[in-house]
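You will see chain A twice below: alongside chain B first, and alongside chain C after that.
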Partner chain A sequence: MIKLTIGEKVWQVAVYTILILLSLVCLLPFLYVVAVSVTPESEVLRRGIVILPETFTFAAYKEVFISHGIGQAYKITLFRTIVGTALNVLFTVLAAYPLSKKYLPGRSPFLIFIVFTMMFSGGLIPTYLLVRSMGLLNSPWVLIIPHLISAFNLVIIKGFFEQLPAEIEESSRVDGASELQSLWRIILPLSLPVLATISLFYAVGHWNSYFDAIVYLNDSSLMPLQVVLRNILLNVATQSADSMANSGAVSQFAVQMAAVVVTTVPILIVYPFMQKHFTKGVLLGSIKG
Partner chain B sequence: MQRKKISLLVLTAIVGLGTLLSGCGDQEEAKPTASNSPQSEASKSTNKMKITMFNQGTFNAAAPIPPREEDIQRQMLEKALDIDLDMMIPQAGQATTKLNTLIAGGDIPDLIFLKSRADLAQYYDQGVLADLTPYLDQFPELQKRFSSDSWEAMSYQGKTIGVPGYDNVNGMSRSFFIRNDWLKKLNMEVPTTPDELFEVMKAFTEKDPDGNGKNDTYGFIGGMNKEGNLQTYGFDSLMWMFGVNPPSAIEVKDNQPIFLFIDPKMKEALAYIHKMMAANVVDPDWVTMNTPDLLDQKLFKGKVGFMIRDARRLEPDYQQKMKEISGEVPEWIVIPPMKGPYGDQIVERKSFQGNSWAISAKADKDKITRILSMLNYLFTDKEAYPNFAYGIKGIHWDVVDGKIKNKTSELSKEMKEKYLWVDHYRMPRRGDDAEYFSFQNPKTTEAFTNNQQYVGPTLPGNLLTADPSDTLAADRTRFINESLVKFMTGKEPLSGWDNFLQTLDTKFDMQTYKETAVKQFKEAGIIK
Partner chain C sequence: MQAKLAADAIPRSEKRNSWIRTIQKYKVMYILLFPALLYFAVFKYIPMAGIIIAFKNYNLALGLWDSPWVGLKNFTDFINGVYFWDIMRNTIVISLYKLLFGFSAPIVLALLLNEVYTQWFKKIVQTITYLPHFLSWVIVYGLMVALLAPGDGLFNMILKENGVQPISFLTEPAWGRLLVISSEIWKDIGWGAILYLAALAGIDPSLYEAARMDGASKWRQLWHVTLPGIRGVIILMLILKLSHILDAGFDQIFMFANSFNQEKIDIIDTWVYREGLERLKIGLATAVGLFKAVIGFVLVLAANKIAKKFDGQIW
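Up next is the complex of A and B:
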């Protein structure tokens, strides 16, 4: 045990206090959201700010799932997140792998063409026309196909593939592996950290995006979670001209907070699992010494 | 080597551009698949006309669109006019983006609901909308359905370019609520003038009307939104007692525009409100009241004796809420507005007919006539009225003793959820139809009906469209709002009023604004 001088002790205490305060600043709003979503309205109004509710009710969650069609929206969002991310990663890897080979003829024009799209885009209306002429309007695939490959993620993966020593691949070639085999068995297992990173980028992007759905889809049963959440938060149903909708027994505020919890928690849960890959992937690489 | 590289680059660029361009050029042959899937089979009959409808006028943009078999209102419209109706409901807040995308993509919807006169004028200027003037003579009933000032709002550059969207509701959201039990306890009468109101509010604050021995009650609470706008938050209603109102309220009298927010009478209104503030009659929380919900909570808690709220707060659901929150139900009653020193007795001015139905400029004569016939049917057919305004027969309404009875308020939550989409068709409902609102408390109906006589005529200032060269417009409005609040709170004494007017002229170019207003009023024929 190292003896601390008084000055150091004071310093330690100060550091801990500041850190605790900082983490509280980050945590409290989220706790408040969760607390409000499970507290009856009368208690919220009586006490002002609730962190630890005295009574619990799950009425707001029931309301969110039954009345606002979050179940259907969940299906769409899960579809676009799972299928979409899988396809995103597959196509990005398939595009990045050849482009990482320096001996590929015409590599740099391709690259310039791809990088060009990172800086200039066609804008909303040309994209809309393109999507329309491909017959994707009002199809769930419109949420996935137009953004199948992100140029930015492609460049990241390509960069990672390039810094892998060519010798590993050569050794697999000597053992008789084809291009695809060496990609699948040698390159990809080594690239887990970067794959985890870009999967997370893609997945979070899919989970959070709502604008493409609003522009390209008309069918309300195809709307993803974020569109429904937005409707609940903006209170669309009760804000219209002279809606007769009455909030009934459940408070609108609690419903909004429940919707926030329902839509945020799943993607929050993903992070710790991905974290594991970030460290593991780097440490377990086969390139040693 | 270098050259080869460059030529390859050029080649890829050309190929890429070619693909992009062909995407643009193909738009004619590639038919959009935007229509809802189940209907494509049924629409093959010969005479049927396909009509696409951009319905941002729906009363609930979050409600789903049901399949055609369940959608009784749609079937009615399609049968009555032999059309194939394809309705599109834009997501709330994104309607303009969606509409602009559709227009730029060449898919202009045939029938477009627009929310403001500014939109209507702008799209017409861009050549998106058709001039309806030559067709309207065929529809005298539709013309009768809306008042002449509603139709006036549809005219632009001497042409009628729209059909009024739907009736606005007046005499509902700005009702004068007062605690009747407190009045009784303090032996006071319902106030009828600003001075009486002040005495009542003062007594509510000082004489412990709830009898709990604590000094925790207030006479009044209002608020303002996050941008500092006082409209609809309570203080504006107090200002009407003196015949004035916060920015955007412009009246025309004797061939002159009168800017009600800088009218000399505004000084009196501000003095009155300042007197309230100085006497601590206004709940100090008023500064934080920036959403209507917060004011509702004050109403439910019942520690304030006089407020401006929606008459529907008298309904049983809200009474139940009050009981949950404060343990007892405060006896709120809705009273007529006070009569001011100049004889003004106003709940609010009739809302401007801002919303409208417009028709695509791409539609041919037949189509325009057919669409107008549809609107004519929707808005004037007596038998169809309850089907659109109230909902489905046997569920939302029924005939009881030969009279139509709206049963919407008796429906269970599950049933309401199941038929949410009837909200997409409610536009024909009349703004003063108490049956439509299906009030459960007869007092709500009474308040709503009584308020109607205190709804003043529409302010002509609503006809003005923003002048794009007026770069100070937003700053000016903010400055006026801020100054009004300063005068109200006493942060700036009323002796600074002339100074305020001068700053408006020198720094915020009020003169140009006035001239623009006069010019536009002249164009509209309001000023000769």
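Up next is the complex of A and C:
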């Protein structure tokens, strides 16, 4: 190593300090949310600001699950995330494969047809009217079908397929494999990393989106996790308005924080495993973009 | 080549046959492609055709065909409306602030991370700062409630303990934009840095060595080696962001806005939602959506053109 001058040492200390502070700013809100969610009302009244609770209660969590219907909301969110992502990836791959073949007649008009939708859209209202006229309102499928394929992800996968060496596939075709067989046996196994990235993009999108449910759904039993959390945060009266009033042990604030925790934890659990794929995804997207 | 020569030489019926033969030859490929084309046709192109609603006085009961035509009335109503300058100003001001701070923050973070030679430390900071990107705006709002709620929020508790009047951060118009912009930075600073880190990793280390041999200080190295090394990515990202200046962040602002702070953070998209789907002024809302889509389209085309020009020079 090169010897550092005093100036450089000061610089290094400053860099590390700033980065540590930034990391704390990213993390501390979560810790505070968790602390509030498990601190009994009595301790808050006694101590004021509680960062490290001395006593614990899960009353707020009970409240969130029992009277706010978080369990049902979890089911809806899991449905849209699992089924939705599976269909997203399936249809994206099916379209990306033919579009990656430069020899396919009509390929470029088809591509323009798809890429154009990334640049121009009819907007919220005409889309709403279409969904309405298709009778999709108030069906759980409305959370999946209108966003079945992302043109952006399609272009990423297409680009990845294109740069796979053509010889590998040709040799399988010579052996008599059909297009579908070579897609399934040759192309997809080689594309697992990019498929993982795309799946994660779709899955996080499903997990996090809330606006489509607000616009397209009425039935409160169909509301996904994010919408239920939103209602709890905005204090919108839910089924539980009265049950909350008479359970004095839990503050509304603790319930809100418990709801934040319950919605965030699944992301925190899978995040360490998927971080690598996400990082790759950014770079993939930028090459094509 | 052969097929083309043959097609030129033979009569039309034969030509049609060659068409059919082509389709037959690639039948499987077209079948695979078909669902996607159908999807884009139905869910993207039919709504595009639906923009004719913008030129009608749309009435849900009458439907698309029977609602009366009104020409450009929806557009002139919008431009002459009292709200026009408010929502345009909010949209552009929020976008510009996000551009100014939200755009530079990830570059600074990437430069700082690039100065770290302890790999495990770098990894931890990256892991932590990328995380908020994966949270929904609802969750981010939940964190803001934790910190800023008028009664129990952490900051207001601290203010209260020090005898200061609590502040209604989440509803006070004066705080609206600051919250929108700072939470955007918080959420995406790490994520935005990934691209610049990749660009920084691509800089030839011998350039730094040469600069050090010439006695260049840290600052001079930053100025003459590092920044030129990532200039291309910076310019490209800037152009792309500029082309989305009318997208001030719908998901976020829809969550953050309430009837109190709305005057400062109501943007085109949230206005379109309220006007169209809550007040059912469907023609007007569609017109405003179209207005935005057309400007966005022109900006994206321009951005692509400019980016391509830079492409040739920089990469």
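Rule of thumb we're sticking to: the second predicted complex is superposed on the first by the 234 of 289 C-alpha atoms of A that agree within 3 Å, B and C clash if a C-alpha of one lies under 4 Å from a C-alpha of the other, contacts with A are read in each partner's own complex, and residues count from 1 in each chain.
We adopt the following convention: contacts are C-beta pairs under 8 Å (C-beta built on N, C-alpha and C of every residue); 3 or more make two chains touch, one makes a residue touch a chain.
The structure presented is a predicted model; accordingly, all values stated were derived computationally and were not measured.
Enquirer: Mind working out whether A:166 is in touch with chain B, chain C, both or neither, as first, second, both or neither?
Expert: Once the two structures are laid over each other on A, A:166 reaches no partner at all.
Enquirer: Could you let me know whether more residues of chain A are touched by chain B or by chain C?
Expert: Counting contacted residues of chain A, the larger count belongs to C.
Enquirer: Quick check for you: in the superposed arrangement, does A:137 touch first (chain B), second (chain C), both or neither?
Expert: Touch status of A:137: first partner only.
Enquirer: Of the two partner chains, chain B (first) and chain C (second), which one does A:272 touch, if any: first, second, both, or neither?
Expert: A:272 contacts chain C only, not chain B.
Enquirer: Just chain B (first), just chain C (second), both, or neither: which does A:48 touch?
Expert: So A:48 only meets chain C here.
Enquirer: Answer with first, second, both or neither: which of chain B and chain C does A:95 touch in the superposed model?
Expert: Only chain C is touched by A:95; chain B is not.
Enquirer: Looking at the overlay, does A:82 come into contact with chain B only (first), chain C only (second), both, or neither?
Expert: After superposition on chain A, A:82 lies in contact with neither partner.
Enquirer: Once the structures are superposed on A, label A:221 by its partner contacts, choosing first (chain B), second (chain C), both or neither.
Expert: Touch partner of A:221: chain B, not chain C.
Enquirer: Quick check for you: in the superposed arrangement, does A:16 touch first (chain B), second (chain C), both or neither?
Expert: A:16 sits against chain C, while chain B stays out of touch.
Enquirer: Overlap of the chain B and chain C footprints on chain A, residue-wise?
Expert: Dual-contact residues (chain A): 110, 113, 122, 124-126, 128-130, 211, 215, 227, 230, 234, 253.
Enquirer: Which of the residues in chain A end up touching chain C in this complex?
Expert: Per the stated touch rule, the residues are 7-8, 11-12, 15-16, 18-20, 22-23, 25-27, 29-30, 32-33, 36, 44, 48-49, 91-92, 94-95, 97-99, 101, 104-105, 110, 113-114, 117, 119-130, 145-146, 148-149, 151, 154, 178-180, 204, 207-211, 215, 226-227, 229-230, 233-234, 251, 253, 256-257, 259-260, 263-264, 267-268, 271-272, 275, 278-279, 282-283, 286, 289.
Enquirer: Considering only the defined contacts, which chain B positions touch chain A in the complex?
Expert: Against chain A, chain B makes touches at 5, 8-9, 11-13, 16, 20, 23-24, 26-27, 30, 32-34, 36, 58-65, 88-94, 97-98, 101, 104-105, 107, 166, 168-169, 172, 293, 297, 300-301, 315, 317-318, 320-321, 324-325, 408-409, 413, 416-417, 420, 423, 437-438.
Enquirer: Please give the residue numbers of chain A that touch chain B in the complex, ascending.
Expert: So the residues of chain A in touch with chain B come to 40-42, 45-46, 66-69, 106, 108-110, 112-113, 122, 124-126, 128-130, 132-133, 135, 137-139, 211, 214-215, 218-221, 223, 227-228, 230-232, 234, 236-237, 239-249, 252-253.
Enquirer: In the complex, go through chain C and note every residue touching chain A.
Expert: 22, 26, 28-30, 32-33, 35-37, 39-40, 42-51, 53, 64, 109, 112-113, 115-116, 121, 124-125, 127-132, 134-139, 141-143, 145-147, 149, 151-152, 154, 157-158, 161, 186, 189-191, 194-195, 198, 217-218, 240, 250-251, 254-255, 258, 269, 272-273, 276-277, 282, 285-286, 289-290, 292-294, 296-297, 300-301
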